[in-house]
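Look for subunit A in each of the two complexes below; its partner is subunit B in the first and subunit C in the second.
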Partner chain A sequence: MLTDLYVFGDSPLHRTRPVVKITALVVFCSTLFIVEGWASVLVAGALVVTGFAVAGLKPRHAFVSVRPALWILAAIFAVQAYLTDVVFAGFVVARFVVLILAAALVTLTTRTSEFVDGILSALTYAPAWVPKEQIALAISLCLRFIPLVRAVLEDVRQAQSARGLDRNLTALLVPLVVRTLKTADEVSQAVYSRSFD
Partner chain B sequence: METRNVVFIALFAAIVAALAVFPPITLPLVGVPITAQSLGVMLAGGVLGAVRGGLAVVLFLVLVAIGLPLLAGGRGGFGVFLGPSGGFLVGWIVAAYAIGYMTERLWHRLNYLVAAGICFAGGVVLLYAIGVPWSAFVAEIPIGTALAGSLPFIPGDIIKCLIAAGVMVIVKRSYPIITPKSPAMPQTGM
Partner chain C sequence: MIEFADVSVEKNGVPILKDITVRLSERRIGVIGRNGSGKSTFARLFNGIEAPSAGTVTLNGVTERKALRRHVGFVFQNPDNQIVYPIVSEDLAFGLKNLKLPRDETQARIDEVLARFDLAHLRDRFTHQLSGGEKQMVALAGVLVMRPTMIVLDEPTTLLDLWNKRKFMAAIDALDEPVVVVSHDLDLLGHFDRVLHIEDGSIAGDGRPGPVLARYVAGSQC
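And now, the complex of A and B:
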């Protein structure tokens, strides 16, 4: 089963179209890099906090989003505090936190399926040289096959574990890749036989 | 682009995603987790070739960006591109393309050593040439400092090159996908 990072809700932020949210995010992040300084970070931080409140997200969601970057942010803080001063170090780290939270706000309030629908409907406006059907096919095949490839990996892992090879990455990867390539050939035969193209 | 190639791209993106289940080892102080996923990126280029391998990584990163937690450790969403190590993710596309390009050129002479050299050039040298200046820019630290912070990952990456090279050579023998003589495939916008 594929689960996305979406958090259920019915706020104005949840209802905004994905393309609007992404455009806003790009503008927001670029502004933070163009207008440097504590003032812009504080304003942006206030905006993000308001966004979290409006969307009904909890501090826990914010913490989970920032957590993977905590170590590297601590390291950057230490390096900046040593090279420049503590105020600038705080600014650089605070800007990262605001950027990551702004992105998390978009991710947490938008279902993956909404994004996929957004991409597919945007494709109908794309110029003729864009291979629309093939992009749509690639996205839907990949979403469909991630759980399958995970199951294959688990099969291979159990088989190699019975041979005492479960710590050997080559012994796991070769069967995984070859089985997936064979599956890909079978799937493309199936697609041909249904006259997809 | 032929349907068969589209299917290869989609399924290899799924392999890169599935490799996230190997638990990542995060070194304290540096933060970029050591994962099996960059192995998947090397293999995308080394097994599918330049265009298909690069597009497989593009597709994978699109799915990450639209909120699927497909990166090791269950990370996903736009935030991962905005963090300090976002350049390494974007660099994966270039790395997979470059590894695929070199593999296509050297296909008839591909042995374990050549494959390891290709993976090192594309998956380490080129990848760091993109990721390190990127993190230096966004964290506003000197490039030398950013490089020093990335050095602890190089031993792990070299081990991954050696593993990827072994897999590339075996897959070349058992289920070759790259056809070196065929004309370059048309670029498709994605």
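And now, the complex of A and C:
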């Protein structure tokens, strides 16, 4: 849920500039892929756990961050175990879990508006034709509208279920897409009306 | 004062508004009309969300659309479509950032608008966790924090329960700024200064609420 995208706090991690956190995340993830072996995963894991503790985050936050990826992680584990061996499959999955938790550590300690400011800072030297403000706004809107689209999906699912169409994908997707596009249209008007250029 | 001079709007060749000419200077103006009559399009002309196909909209000498939207705040029917950021204080700051205001002034204005509507307790709340009434108040605060010259509200109480509707309209009544409210809820408009009845893209009625609303109700009898 969106409530798990940011946890209020005043830790050093909360106070760190978003652009620093994003850069550190990129370096951290790249290093984790470059340096092979269990040792790198264990060190990285220890760093992430320390980060969670410093930020005052609870194990629940870590679990909620990883939960949506559990099915994919299970599939990766199964494929790797089949193609190589169980130990290597465990290594690959452990590395992904550390990556997800590191990314979660950044999002959980960074407000959306700070995140957007960080993206804008990172794009400071991008060519003039890059629509910086629009990219930043698009990212913030994606985060904002996750629960909204989920609510629309639930609405449509219930409505179609009442008509006996709960297993009909078309009956679910068509109204969902139409309502989402209609919402997007009004949102763009709202953004425009609040002096966004 | 806002003036519409021979304003027409066409979409895909279909006329939505036809040659609207009207001057509005009252503090409280209501707009009524059937579904599809063109009243929402009319409302969207006030702050330049819609562009006229012909004619001009002028607010205190300003005609340019970009300038109009700085002067006229717009509150939508569904606050979920208006709130941009996940946290209330961030959303209130959105419009001010677009105006390139310094951080200190942004914070001062947010504090002021939250205090004005007794919303300070919502400052760090997630917007999607607010009640419908709270969301609509935050949407209104997000507009007022930009200190518009005029405020237009498009069916702002449709999604509210009776209690929240009364609370919201009390907040509207207390505003110093001129307000235009588009509504199907005729009770809201009874004490307004002027009511426009839009029908089939034209102004079918215009005047004090009593006679305009009475004719509108009489015309709706099946």
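Just so we're on the same page, the second predicted complex is superposed on the first by the 113 of 197 C-alpha atoms of A that agree within 3 Å, B and C clash if a C-alpha of one lies under 4 Å from a C-alpha of the other, contacts with A are read in each partner's own complex, and residues count from 1 in each chain.
Here is the rule we go by: a residue touches a chain if its C-beta (ideal position, glycine included) is under 8 Å from a C-beta of that chain, and two chains touch if they have at least 3 such contacts.
Here the structure is a predicted model, which is why all the values come from computation and not from measurement.
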Where does A:F8 make contact in the superposed view: on subunit B (first), on subunit C (second), on both, or on neither? second
Applying the document's definition of touch, where does A:V187 land relative to subunit B and subunit C: first, second, both, or neither? both
Determine, under the contact definition given at the top, whether A:L83 touches first (subunit B), second (subunit C), both, or neither. first
Touch test for A:T170: subunit B only (first), subunit C only (second), both, or neither? first
Figure out whether A:L141 sits in contact with subunit B (first) or subunit C (second), or with both, or with neither. both
In the superposed arrangement, which partner chain does A:S195 touch: subunit B (first), subunit C (second), both, or neither? second
More subunit A residues in contact [subunit B versus subunit C]: B
When the two structures are overlaid on chain A, which partner does A:T112 contact: first (subunit B), second (subunit C), both, or neither? both
Which subunit A residues come up in both lists, the one for subunit B and the one for subunit C? 2-3, 5-6, 111-112, 137, 141, 143, 148, 183, 187, 191-192, 196-197
Contact footprint of subunit B on subunit A as seen in their complex: 2-6, 22, 25, 29, 65, 68-76, 79-80, 83, 88, 92, 96, 99-104, 106-108, 110-112, 115-116, 119, 126, 129-131, 134-135, 137-139, 141-143, 145-146, 148-150, 152-153, 169-170, 173-174, 176-178, 180-185, 187-188, 191-192, 196-197
Using the touch definition up top, name the residues of subunit A that touch subunit C in the complex. 2-3, 5-6, 8, 111-113, 137, 140-141, 143-144, 147-148, 183, 186-187, 189-197
In the complex, subunit C residues that touch subunit A: 44, 47, 49, 66, 69-70, 73-74, 76, 78, 80-87, 90, 93-95, 98-99, 124, 126-129, 142-143, 146
Per the touch rule above, subunit B residues touching subunit A in the complex are 1, 3-4, 6-15, 17-19, 21, 26, 28-33, 36, 39, 43, 47, 55, 59-60, 62-63, 66-70, 73, 75-85, 138-142, 145, 149, 163, 166-167, 170-171, 174-175, 177, 188-190
